[in-house]
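One chain, subunit A, appears in both complexes that follow, with subunit B as partner in the first and subunit C in the second.
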Partner chain A sequence: MQITFPHMGDMVVAVKALFQELGFTVVPPPPISRKTLNLGVKYSPEFACLPFKINLGNFMEALDRGADMIIMGGGCGPCRFGYYAEVQEEILREMGYDFSMYVIEPGIFSNLRKIRESFGPVSARKVLSAVRLAWNKALAIDEIYRLVLLKRAREAKEGQVNKLYADFLRKIDETMSVDRVKRIKREYREILEDMTGAYKRGIPLKVGLVGEIYLVLEPFVNLEIEKKLGELGVEVERDLYMTNWLLNFLHLRNDGKLIKRAASKYLDSFVGGHGIDTIGNTVRYARKGFDGVIQLGPFTCMPEIIASSILPAVSKGEGIPVLTFFFDEHSADAGIRTRLEAFVDLLERKKVQARKGTGYKGEIVYGQ
Partner chain B sequence: MASDGFYLGVDVGSVSTDLALLDSFGNLLEKVYLRTRGKPVEVIQEGLKILEDKYPGIEINGVGTTGSGRNLAGVVLGADVIKNEISTHAVAASKIIPDVRTVLEIGGQDSKIIIIREGIPVDFAMNSVCAAGTGSFLDQQAARLEIPIEEFGDYALKAKNPVRIAGRCSVFAESDMIHKQQLGYELPEIIAGLCEAMVRNYLNNVGKGKEIEPPVVFQGGVAANVGIKAAFEKELGCPVHVPEYYDVMGAIGAGILAREYILDKNKKTNFKGFKISDFDFKTSSFECDGCPNHCEIANIYENGKLIARWGYHCTRWEAV
Partner chain C sequence: MKIGIPRALMYHYYYPAWQAFFRELGLTVLLSPVTNKGILDQGVKAAVDDICLPFKVYYGHVLSLRDKVDYLFVPRFISLGKYNFICPKFMGLPDMLRANIEGLPELIDPVIDLRRGIFPWRQVAYKIGRKFSKNIWEIEKAYRRARDSYRHFLQLQREGYETEEAMLLTSRRGKIPVGDREFAAGRESGSDSHKGRAGDKARGIKLGLVGHSYLLNDAYLSMRIVERLRKMEARVFTVEMLAEEVLEKAARRQGKPAFWYFNRQIMGAAYHLFQEKEIDGLVQVTAFGCGPDSLVRELIDIRGKRIGMPILNINLDEHSGEAGILTRLEAFVDLIERRRRKCR
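This part shows the complex of A and B:
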């Protein structure tokens, strides 16, 4: 059995470790490229959202490389994602691919039974050690990436942080020992935390990222918006991380309560997906003193459309600038860059003016 | 007027390339408006030549570029500031009408709205999925109806009862115009209807959710169209100001920002001088085969020397 799964940010490293440690052969899809996108777009319903199309492209490229078992998320909602696995399976079968598909549905006991049926018996000890390794890798990736999002704004040499992160990822990917994972994490945390040099723009600017989880976590689909913000000298923070999401999903954490309370003034009911998180986190970031918030979602995403129509009220009520991007296969790099540059200029002018405490006299200089 | 240095703003857009020459106080001295015609570098060189002929031997203290061709223009000229068109339009509008609160801008292929409070841009939006109602479409319709684009708006003002045109999509808008023509409606009524449809489209898409408050400034190439201006005034219920240099506001803004940058940082300009209008600029492109992304890499050469390269996503081609 050769296992594959869809890409989502850098989580491939952790998921791969999980199945390898369980003794399976893993054939991860090649990194998402324009070819992945083209394949997905060609064989997907036109009105499906971008994550669907990229997943499908991932599956095709992995199956072409010999994978024969697809692992995919399912569930009843929180949006039409719950139905994606079924539709993708049907499309792939119609194209003539031969494979099995395991869809993770809610319910621990039904899953355990199904896992046994699909993968055969695996010892509990093996499962525990595999989960421990994968979880530690996932935690390390998220912890270091959190720092990457902050430190790009103050790197001395352009691209320095990206290079550090790439080295870190490669090392984490190569090791199969939990202790090594922890050591590598410590090493890179220290290097990154020591980067306390001057901000590229001269002043610190902080932006919170909110929106639909796939668009936030996967740099290919959001046209590397975090990297672009880093290049512009902006610190980025977000609450959406794979490990964070899992902890909440498994009820080991309850950020939902906090988010719901923050959102309640503007939205008091579940609207699917991460709609309420988008509103709640925008409010939280505003109150923490962030300079701006950027919302990301796939084109036609209902929960994010609802959130985006409420955001102007939040922006006004909390006094925080908000910029929304919806992405599909037609999104163009230049358009995103122009809007981002303008947004960052706007945040900078606002901050500089607030510091001066005077009206704009035409003498405030834009950072280069 | 101080004569100890001038500033140059260059806006390379999809339809036009504009140059603005500013005096040492940042006031407009001379503007040049040229059609880009898909040859941005040649047109920049042509613009420089026009300025040089008119002001021989002037000294440029700073250069700013903006518009969709801002990076190309930046390397060709040796710009001090390369700025997006939203920031430059906002700065120029604030300079000319200091208490402006809303800027409507419609260019060749994009349209934007900028909300300004106390001189600071606080919100903006730009058309993303649709270019219906921008200058290129108006150009096309004027050509189809054989009306010079300069007179297009005047036709609209003659209308008594504008017909309703479907403005959601420029292709369907054209079908609808043809349909109305074939039903026998008069041209002014149809053109006025088109102007209103475009304004509706703009306010529903670009202006959605924005607090449009007077004073309202309308700029960009389309601001020349008095029909659109009238339709905005009717729809918004307030006067809409079209600044005298509405068509080169981006270039003015770029010049102002270059001046601020040079003065604040006490820098010397990177401007290569008017001599570049005689330089030989060449571009070439190729498709990288390093990975399935197939990036289209573009090279910019100045007198045979590679001065810029872009279009890549990784580090393989970071050569310049």
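This part shows the complex of A and C:
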């Protein structure tokens, strides 16, 4: 059995470790490329959202390389993601691929039974050690990336942080022991924390990133927006991380309450996906004194459309500039870059003027 | 006191119940006008670009009612069945309106979530009712009126009345008793032929027509697709004509049926019509930017392809042209006729 799964940011490192440690052969899809996108777009429904298309492209490329078992997330709505697997399976079968698919649906006991059926018996000890390794890798990646998002704004040499992060990822990927993972994490955390040089723009600017999780986590689809912001000298912070999401999903943490309370003035219901997180976190970032918020979502994404219709009111109410980007297969680098630059310039002007006390602080921009 | 109800979205499913309920409580119900260009344009301007067509129109209807009423009825729909959701945009609708439209009257926005509780509808009715009446018995009476009206309305739809007709008949209840076959038969021999046997004329092909009711039953948005098909003397089967149990059973043919209530019904209708081989072709109408439609449509397409069913997909947005739609419908009907002749 050759296992594959869809890409989502750097998660591949942890998931690969999980299944390898369990003793399976893993065939991860090749890194997302233009070709992946084109394949996905060609065989997906025209109006499906972008993650659907990329997933499908991933599966096709992985199946072509010999994978025969797809692991995919499921769910029961109302976001479309919960229905991806059902449609993708039908499309792939219609195309003549032969494979089996394991969809992780909610429900612990039904999952345990299904796992036994699909993968055969695996010892509990093996599972525990595999989960421990994968979890530590995921934690290490998220912790270091949190620093990367901040430190790009104050690196001495252009591209220095990116290079550090690439090295770190490679090392984490290669190692198979929890202790080594922890050691590597410590090493890189120290290097990054020591980077306390001057800000590229002269002043610190902090932007919060909100939106749909796939678009936030996957640099290929958001056209490396975090890197671009870093190059512009902006510190980026976000609450959406794979480990964070999992902890909340398993009820080991409860940010949801906090977010819900923050959002309640503007959005008083859960709306699926990350709609309420987008609103709630925007409010929280505004109250924490961030300079701006950027929302990312796939074109036609239902929860993010709701959020984007409400964000202007949040922007006005909390006094924080907000910029929304919806991405699809036609999104182009130049357009995004221009709008980002204009937005960051605006944030800078606003901050400088507020500092000088020229009284010009009311300017709020929103929209797309 | 006046309460406004926008003639869009859930209006097409529940208006008879709402009307009866509020009237019984002593309110004047004001309905926005039938969708027209002005309403659509206003809605397009007020809503965000990326939202789907029916919601843009809803904004337009809200704007046309804004200054004329004391209350606006905008329920927050979350779920209409045990394992179901509906499109999340319904969940955020009152909040979106508050954020985007200034000077709104007070919104009556009860949460409608039928996943939990016993008698969830009655609970909702009491929650709204308490705002307008102190008398519990009065609220109960209003609730029962609403329930009866709604059942009557559903019954008429199953018998083949169009939604608008069924609404009219329900509000003028008493004159035409449910199940009056003679009346229904009398209608068939007239201009429309959807109910059947009498309509089996020269062309008389049978078509399934699936799509959200709030799209198909809005004459302006759907460009009267139902009527046009009937004019071409096709017998048209819609989702509303099938009983809920039939739809649910057929939808379960998909390993994991769609979890959006209306799309589950659409899926069920399409699969039911495929299986029973009642139809010669299927017309699917979707709105541009509709999330659930984008995926469910694909599944119906795949299934249709496997059994060689001709399917016409029509995607509507605010720029759709009437001539284009008509041409495609005509071409589709012609194609099916030719196929039928060949088969014989």
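Basically, the second predicted complex is superposed on the first by the 357 of 368 C-alpha atoms of A that agree within 3 Å, B and C clash if a C-alpha of one lies under 4 Å from a C-alpha of the other, contacts with A are read in each partner's own complex, and residues count from 1 in each chain.
Here is the rule we go by: a contact is a pair of C-beta atoms (placed from the backbone, for glycine too) under 8 Å apart; a residue touches a chain by one contact, two chains touch by 3 or more.
Since the structure is predicted, the reported quantities are computational estimates derived from the model, not experimental observations.
*Asks:* Is A:Ser33 contacted by the first partner subunit B, the second partner subunit C, both or neither?
*Replies:* The first partner, subunit B, only.
*Asks:* Have a look at where A:Pro312 lands relative to subunit B and subunit C in the superposition and call it first, second, both or neither.
*Replies:* A:Pro312 contacts both subunit B and subunit C.
*Asks:* Determine, under the contact definition given at the top, whether A:Gln353 touches first (subunit B), second (subunit C), both, or neither.
*Replies:* Only subunit B; A:Gln353 stays clear of subunit C.
*Asks:* Tell me the contact category for A:Glu86 with respect to subunit B and subunit C: first, second, both or neither.
*Replies:* A:Glu86 contacts subunit C only, not subunit B.
*Asks:* After superposition on the shared chain, which partner residues are touched by A:Phe47: those of subunit B (first), subunit C (second), both, or neither?
*Replies:* The answer is second: A:Phe47 touches subunit C but not subunit B.
*Asks:* For A:Met302, select first, second, both or neither according to whether it touches subunit B, subunit C, the two together, or no partner.
*Replies:* In the superposed model, A:Met302 contacts subunit C only, not subunit B.
*Asks:* Would you check which partner chain A:Thr338 touches, where first means subunit B only, second means subunit C only, and both and neither mean what they say?
*Replies:* A:Thr338 sits against subunit B, while subunit C stays out of touch.
*Asks:* Could you tell me which stretches of subunit A are touched by subunit B in one complex and by subunit C in the other?
*Replies:* 299, 309, 312, 326, 368
*Asks:* Mind listing the subunit C positions that touch subunit A in their complex?
*Replies:* 47-52, 76, 78, 83, 85-89, 91-92, 94-96, 98-100, 111, 254-256, 258-260, 286, 288-299, 302, 305, 315
*Asks:* Under the definition above, what is the set of subunit A residues touching subunit C in their complex?
*Replies:* Within the complex, subunit A touches subunit C at residues 45-49, 52, 74, 76-80, 82-84, 86-87, 90-91, 94, 266-273, 275, 299-303, 305-306, 308-310, 312-314, 326, 368.
*Asks:* For subunit B, which residues are in contact with subunit A within the complex?
*Replies:* The contact residues of subunit B facing subunit A are 26, 68, 81, 83-87, 91, 94-95, 118-124, 126, 128-129, 209-210, 256-257, 260-261, 264-265, 291-294, 313, 315.
*Asks:* Spell out the part of subunit A that touches subunit B in their complex, as residue ranges.
*Replies:* 30-31, 33-36, 159, 224, 299, 309, 312, 315, 321, 326, 330, 334-335, 337-339, 341-343, 345-346, 349-350, 353, 359-366, 368
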